[in-house]
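Each of the next two complexes has chain A plus one more chain, namely chain B in the first and chain C in the second.
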Partner chain A sequence: MRPERLLLACFLLTGCSDKPPTAIDLGPGAGPGVTPAYDGGVAKSQKGNLRFKGPERLTLDLAQALELPAAAVCNELGQYPCLGVHGVSLGGVDPYQHSVYETAPVTGAATPLAVERTVLSACNARIALDVKTPATAVVFKDVALTNGKLNDAASPAVATALTSLVRRAWLRDPTQEERDTLVQLARDVEATGTPNPGIAWMQASCLAVFSSAEAVFY
Partner chain B sequence: MTLKHTGRLSRREMLRALSLCAAGSATLGPLLSGCRESLETPEALEKLGRKRDALDGKPKFLIVIGAAGGASIVDSFLAVRQSESSNAGALNTFPDAQVQSVTGSPFRAVKYNNTRLGSIPIPVNTDQLAFVKKHMNEMLVATSVGTSVNHGIAQKRSLTGNAAWRGRTLQEAVALQWGASMPLPNVNMGTGGYAERGTDDSLPLACFGETVVNPSLWPLGLDGSRGIANAPSKDVIALARSTRDALDRKSIFGRTFQDSAALKRWNEQRTVQQPKLEGMDLITRLNILPNAPPQIPLAQYGLDSSPDGARLRAAFPAFFTDPVEGQAALAFLLLKYRVSVSVTLGPDFNVAVGGANGIANPPLAFDISHNDHRGGQAFMWARILGAVDSLITLLKAEPFDASTGESMWDRTMIYVATEFGRTRPRPANATEFGSGHDLNNGFLLLSPMVKGNTVLGGVDPNTTLTYGFDARTGVAQPGKLTSNEPDIYSGILTAMGADLGGSGLPDASAFRRA
Partner chain C sequence: MPPRPVTPSRWLVLGLLLGVATPAGAKPPGPGTFCAEYPSAPACQGTQPACTYCHVAPPQRNAFGTALEASLAPGKPRPLSDEDFALGLPAALRAIANEDTDGDKAPNQFEIEQGSLPGDVTSVPPSGICGGGENPQFKVCQYDPRFVYRRLLSDFCGVSPTYVQVQTFLELGGDEPKRAFIDQELDRCLKSDFWRGKHGQLWKVAHPKIRPVGSIKSGEDAGQIPLADYYDDYALFAWSQTDDHDARDVLTAKFFVKRSGSNPTTYTSATSTSSQTVDAAHRAGNMTSAWTLTAFVMFTALPRNAASQMYRAYLGLDIAKQEGLHSVASEPRDYDAKGVKAEQCAACHATLDPLSYPYRNYNGISGALSNRYLPNRLELLFPNDAATLSQTPEKGVILGQPVNNLLEWAQVASNSDAFAISTVTDYWKLLIGHPPTPEENEEFVRTWQAFRTTHGYRVQKMLHDLILTEAYGAP
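This part shows the complex of A and B:
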């Protein structure tokens, strides 16, 4: 071996980390040599390039999914649109009033709370309409309540409502496990002793689904 | 040696060389590989500013007031009298009677009266004397020369010292130093470059500013469900959250993107920061609003005003319509309730209606000086000093530590940041004239921690330009007109007693109270 090649090889060797290489998912048909990392049968995204929806997209998605006018989605104290109050917390801009010209590069500490307030307000508006006028209910159709309680959490009507809720938020059907989790939520809510547990479950399930990561990131 | 004869190594020589390389790799490896891990030793982190000294374990607070548009120091504490200048008629000097002195103080105070503010028909009657008399012992003015006359760039540089410490802003440095236990260590209500984050990406995310644009309504967003009509109980909300988190963990989406930085941050914000914010009842404590239906129906929505609401509304009566008053009130509460160690506020370039004469904030803030320099400066300085005075009064009345008798004010620094000064020439003896942007200026600091009643540097009355100073000794250096942004940056942190180990900042001991 020529000395310069040996020295070059040594330098390169000394520069190598002693950690094993990170597994890279090369996709189907990839050759051997690198072990893809799987988690329960799901290939982890190596880029993970998620985007937060931001105030306008979040509001309009909620309005469309829950069939509400955009102006009815969320208003603080019943009159101050959340889009204005929490717009910047939700990653938006406010160029005219406050000279915020650029969106935040990351979600802020108050963002999850602003998301929950916006979602819960929209859910409440939808549930109030569904319960008040069952004939025109959109999400919680035919979900029977007696004295504020769900008649039967395992009824087909509840399953249909949950499927509708999930489709509207995630644009897919729920898995059986997801549906079971949301049905179990009804029993858990009732166990708290809260008044009107049926309504509370509707609120809780709507909040859980529409504030999930799958609903607020894309 | 075989190498000399054949140009190749023998087997024995090759083995020897390899063993030497192997031995050397242990020490050379990290250097040659450039691995980031090798830089994350405690010592290296200390150089980055991450490791803090023990100090006394108590927070100190920074209030940055972004005096947008160019707050001119020669229209306030370093004003020049006509009789002092050989070029009085051609430069921005004042009639002698308008520049007042205070016995025993290097500061001056401008008194100004006019029936209009540029083309705006509102009277401007201001006098800085009361402020100087009241606060001079905790005031320090440091002369400055900046490096940009672009508003946005100069605003940011006034906070980073032109990237004096890896590009981190003063607020981020303070958040790193004292804000570890705070839920929102750095809240920023400023405008433009005053609201920008720094460029030191090695800082923890919590150090970067949380942007707030509506100080009166923003606290409503500090709880996920309170104040929402017909919201379920907290027990039910907790169940909804735990169900959601379980769904997220198990969903294909959650598992696919489990390594996403955005999702990791989101999960931490939901599980660590969110309970902190809700647990402190900030939706109440930071709520300046009174219950005033129908415009503000707090009680109807199950909300209360802050226990400090009444006195803050008295101190800042225009809190709901004047952004600066609303910001100052929220700033006080953020510090008092240990939500933040750094708060940033200040006027923006928009008109705010209100105040005694119908205009709370003129268009362009200090930059209205393009149209009416002297009136604009007088109006805006009065606006800034009014907010500062109210804040100091509140902070002095607020106990910090009963065992030491310290007040909040004893541990607070107020930095009146600004972009630049203004050009000095004026049409001969004109009292109403416009000005441009000029690098030459000075900054106002207020704190019990600064060397009070002090001007670092000085002003040449014949040019009305400020000259520099030695940041270590404080000795004035007439004729020095070079940029000193890092000195100002370092001086603020030095006066606060921040650990500057490894920062590479200049010694700015002259700012600190002995």
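This part shows the complex of A and C:
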């Protein structure tokens, strides 16, 4: 994960206008007329100095955003905090036992896996609470399920839940395009034939938003 | 290139590596000559060029060093004398001023003046170009209070603001109230456990300095073979970096610091603690802590490792990287008969050995005498070592200044530019994510100079400056 690429990805997410970009880089082999630069229509930083949140900030942000105790965000085998198990992979240090005194200057090969594992665990914890006790639901409030399926992906409750999710992760409102994409995700998940597609959509949308570059870098 | 204070003797190494056979004690006036030639160069603002200016890894020269060597006193027989080296250097620098030795399309002189490295193709002068267009989320290329607010809370409190907090912040109106609010938030977060608590961010800054080893820790969270408690070192470090305390205390304190509580964690000074055994008259902060003596002196007669670690940790000068070399005439004397007079060793040991002598009476590990100041330690505990060992003086030299003992060593070190630069660099790396770049150099120099003067070595005040820099606040 090179910072400049992630910066670009971040700006694509943060700065997307409601209008689709006029030209998109389709990559090598694309037909003529394709502009080989996609900037999302926003001014780009000359610094590209995004910083990875690392284990502590990632955990604390997930805990705050999903209204979970920090200890409940992610535990391997239900008992070993991911903060410790994946600490170095997540850009942390391990000074006392393994003499890792400084964070690595770049993220490692296992970092995306550790991020996704941590985020998915936190998402699952939140979703379980929201579904089990709808009266005190925090994110997926009033999202009705029947036989594990979303009653209506286009309902205001779904839109509200998605706005809530994005605000919690990105500290801003979603664009229409972003919200439409996450609504479409519900239909795509259901089309796979997975059991409980409503829950699977909640997991997928939460994971997509909270593991995005905009959520894991700052 | 992170600005590093270097010394004339660093140019001794340069001279040697350029093929100039210079006696170990010589001091070619290279840095002064370079900085006289380029007085406004960022590399000369409170610092002097590092080895990497001319070398990839000594003795291998980079493109700039190679070009410089070719232009240095052409026709003069090698090895050059110190005088010829010094006389030839300005002309050599001028001769290659308009060349682009590293092939990055920026001439050497321009790179030197702009603060990038003329021997590194990946180091280029700041473009000064800012992208056009609009960005609804970030003020790219300029100080962005919203960006700072978000980053500051993550950096110092450990958690991003909420959506509602961001909206409330934006409703503050103009930049002035926003900046005032940011200052308030910084003060609030500096009291958080994420910042100052056990295993918090300040402890993270301290890890490479203290280099803990859990298996030999004593006291709280003791390991299998408890020898010394490094939590005392973390406590003094954290104390020196917080509230209205003087950062230099980390090297000079005659007191100890105890940590207590959580949310908030408090650090209080104490005149004694059972885990520390060096008498009050010989204490010099973390330089003489039980952990430093255990881990870095250990069983050694002449504790070069302790001296070099303090030099690296608190002054940012890594002798292993040929930084901070200040050769002392007639050194190394090789009192412990380790063969350090050999030419390949002497270049560093002419600095390192006199740096280490003040540690001669500080004992590491040896039963009941562990971690204490013992007059005549070498005579008492190393009677069968080299016959000349007992001649090792307690007087030494640091940064070219003679000192009588380790307490004076600590005073010279903590009052040096190198200490201020190293302290601010620690936070620059922590909060901005990298050592100062050429385009950040001006702000960096301003920050460490204010830390040293206006702010009287108060880290908290320095951090208020740091978050106002474009390096921190422009996305």
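Just so we're on the same page, the second predicted complex is superposed on the first by the 179 of 218 C-alpha atoms of A that agree within 3 Å, B and C clash if a C-alpha of one lies under 4 Å from a C-alpha of the other, contacts with A are read in each partner's own complex, and residues count from 1 in each chain.
Just so we're on the same page, a residue touches a chain if its C-beta (ideal position, glycine included) is under 8 Å from a C-beta of that chain, and two chains touch if they have at least 3 such contacts.
Because the structure is a prediction, the values reported are computed rather than measured.
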Original post:
Counting residues of chain A in contact, which comes out ahead: chain B or chain C?
Top reply: B
**OP:** Tell me which partner A:Ser45 touches in the superposition: chain B (first), chain C (second), both or neither.
**Re:** both
Original post:
Who does A:Glu76 touch here: chain B (first), chain C (second), both, or neither?
Top reply: first
Original post:
A:Thr192 contacts which: chain B (first), chain C (second), both, neither?
Top reply: first
Original post:
Just chain B (first), just chain C (second), both, or neither: which does A:Ala109 touch?
Top reply: first
**OP:** With the two complexes superposed on chain A, say which partner A:Glu56 touches: chain B (first), chain C (second), both, or neither.
**Re:** second
Original post:
In the superposed arrangement, which partner chain does A:Gln97 touch: chain B (first), chain C (second), both, or neither?
Top reply: both
Subject >> Residues on chain A lying within both footprints (that of chain B and that of chain C) >> reply: 11, 14-15, 17, 39, 42-46, 49, 51, 96-97, 99
**OP:** Quick one: which bits of chain A touch chain C in the complex? Just the residue numbers, please.
**Re:** 11, 14-15, 17, 39, 41-47, 49, 51, 53, 56-57, 60-61, 64-65, 93, 95-97, 99, 101-102, 167-168, 171-172, 218
Original post:
What part of chain A is in contact with chain B in the complex they form?
Top reply: 1-3, 6-7, 10-11, 13-17, 39-40, 42-46, 48-52, 76-80, 84-89, 94, 96-100, 104, 106-114, 116-117, 120-121, 124, 128, 170, 177-178, 181-182, 184-185, 188-189, 192, 194, 199-200, 203-205, 207-209, 211-214, 217
**OP:** Going by the contact rule at the top, pick out the chain C residues touching chain A in the complex.
**Re:** 127, 129-138, 140-141, 150-151, 154, 158-163, 166, 194, 204, 207-208, 211-215, 217, 221, 432-434, 474-475
Original post:
Any idea which chain B residues touch chain A in the complex?
Top reply: 3, 7-9, 14, 17-18, 21, 24-25, 28-29, 32-35, 183-184, 191-192, 195, 205-206, 210-214, 217-218, 220-225, 227-233, 235-237, 239-241, 243-244, 246-248, 250-263, 265-267, 269-270, 273-274, 277-278, 295-298, 300-301, 323, 348-350
